[in-house]
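Per-chain numbering from 1; labels A, B, C, D, E and F assigned in written order.
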Amino acid sequence: MELDTGLPSVRQVQTAIKDGKEIELKLVTGDLVTGKVKWQDPHCICVMDHYEQPTIVWRHSIAFLKPKA
Amino acid sequence: MELDTGLPSVRQVQTAIKDGKEIELKLVTGDLVTGKVKWQDPHCICVMDHYEQPTIVWRHSIAFLKPKA
Amino acid sequence: MELDTGLPSVRQVQTAIKDGKEIELKLVTGDLVTGKVKWQDPHCICVMDHYEQPTIVWRHSIAFLKPKA
Amino acid sequence: MELDTGLPSVRQVQTAIKDGKEIELKLVTGDLVTGKVKWQDPHCICVMDHYEQPTIVWRHSIAFLKPKA
Amino acid sequence: MELDTGLPSVRQVQTAIKDGKEIELKLVTGDLVTGKVKWQDPHCICVMDHYEQPTIVWRHSIAFLKPKA
Amino acid sequence: MELDTGLPSVRQVQTAIKDGKEIELKLVTGDLVTGKVKWQDPHCICVMDHYEQPTIVWRHSIAFLKPKA
């Protein structure tokens, strides 16, 4: 399984990684994960918080992604 | 994985994009995301709010889509 | 991906479309969507309410379908 | 997609259909659907209540199945 | 679809069946199902309680499995 | 189905196993499972608590993974 970098959803996460902009991930648990995206793969998206602690979020648990307000 | 544009569900989202009509997405989290649909791909649907802020919604978290009341 | 019209679950939704009978869809969100089924495809089932407003329901969010009480 | 009738989970639902015994389905919504199983296909299991009203339950929403207490 | 008996998760359930040890299944509904594992297949795990009543649990609804405390 | 050890999400769990560092798994049920990762396979991740009791967590129920705070 590979990420299709031709898809807008994959590209926009890739852009977030390059630009280092902060984003918000709302999860199906109701949790809000905020920070900078470090990497993505077909299963997960990794977000770094202000303390450089990584949170590896499974895609199946993501409801939506927004630029940080 | 590609979107099958012959399917009614894909076509109706495509029509919403072209027409610029506002829609509501009810998510499995209970969140309601409203705005205009900007794009769709096999994983996600992107909705723009009134401040031109995008919300990238994962399809697996969508319960239903309606025209905005 | 195509709908297998030989399956009872697909045929019964097809019958609901032809007969124009009202049904209830209970969703995993707890929402109850009621009305007449307009169409189905592999991803979604579309339900029309009394005001002819469509609700496009993703199959992954459906818990059960019943004839309207 | 076909049901593999060699699998215990498929066979036990098949036995429930033949024997006409009442079962309980607990759904991920918390709903409890009880009655006799009428049919199963790869997507759904259909349960008839005491008033001969069918409830078509999507498999993805089933948490567990038990003989009725 | 077959169970890959080379995987640790499949083997450990197989061991629980052979050893007849009690386990706990925590489900995404919050339900806790406890008892001895009778069988597993690619869709389900069957747990017998103290009254020899079976509960057929769909794998998609399992959060985790532990030895009974 | 095999684990693709080239993916960052798989490698980072593999690193957690080798390093014996404590992690937190937040589940879609809201449960928090903490301990050391013992193994992973395509379906599950196994976490050992302080009493050397294993919890086998299904991947589909994982929201996110973090180093233990």
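Keep this in mind: a contact is a pair of C-beta atoms (placed from the backbone, for glycine too) under 8 Å apart; a residue touches a chain by one contact, two chains touch by 3 or more.
What you see is a predicted model; the values in this text were computed from it and never measured.
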Chain-contact steps, minimal, separating subunit D from subunit B: 2
Set of chains whose contacts include both subunit E and subunit A: F
Identity of the chain that, by mean CA position, is farthest from subunit A: D
Furthest chain, CA centroid comparison against subunit C: F
Rotation angle (°) superposing Cα atoms of subunit B on subunit F, nearest 5: 120
Equivalent interface positions on subunit C and subunit D, same or different at half: different
Centroid spacing, where centroids are CA-atom means, of subunit C and subunit F in whole angstrom: 38
Gap in Å, rounded to a whole number, between the CA centres of subunit F and subunit A: 19
Rounded Å distance, subunit A centre to subunit C centre (Cα mean): 33
Residues of subunit F whose C-beta touches two or more other chains: 27-28, 60
Chain-level touch network, classified as line, ring, star, complete or other: ring
Sequence of touching chains round the ring, subunit A onward through subunit B: A, B, C, D, E, F
Subunit F residues touching subunit E - in the complex, by the definition given at the top: 1, 27-29, 31, 33, 39, 41-44, 46, 53-58, 60-61
Subunit E partner contacts - residues on subunit D that touch it in the complex: 4, 7-10, 12, 26-28, 30, 59-60, 62-67
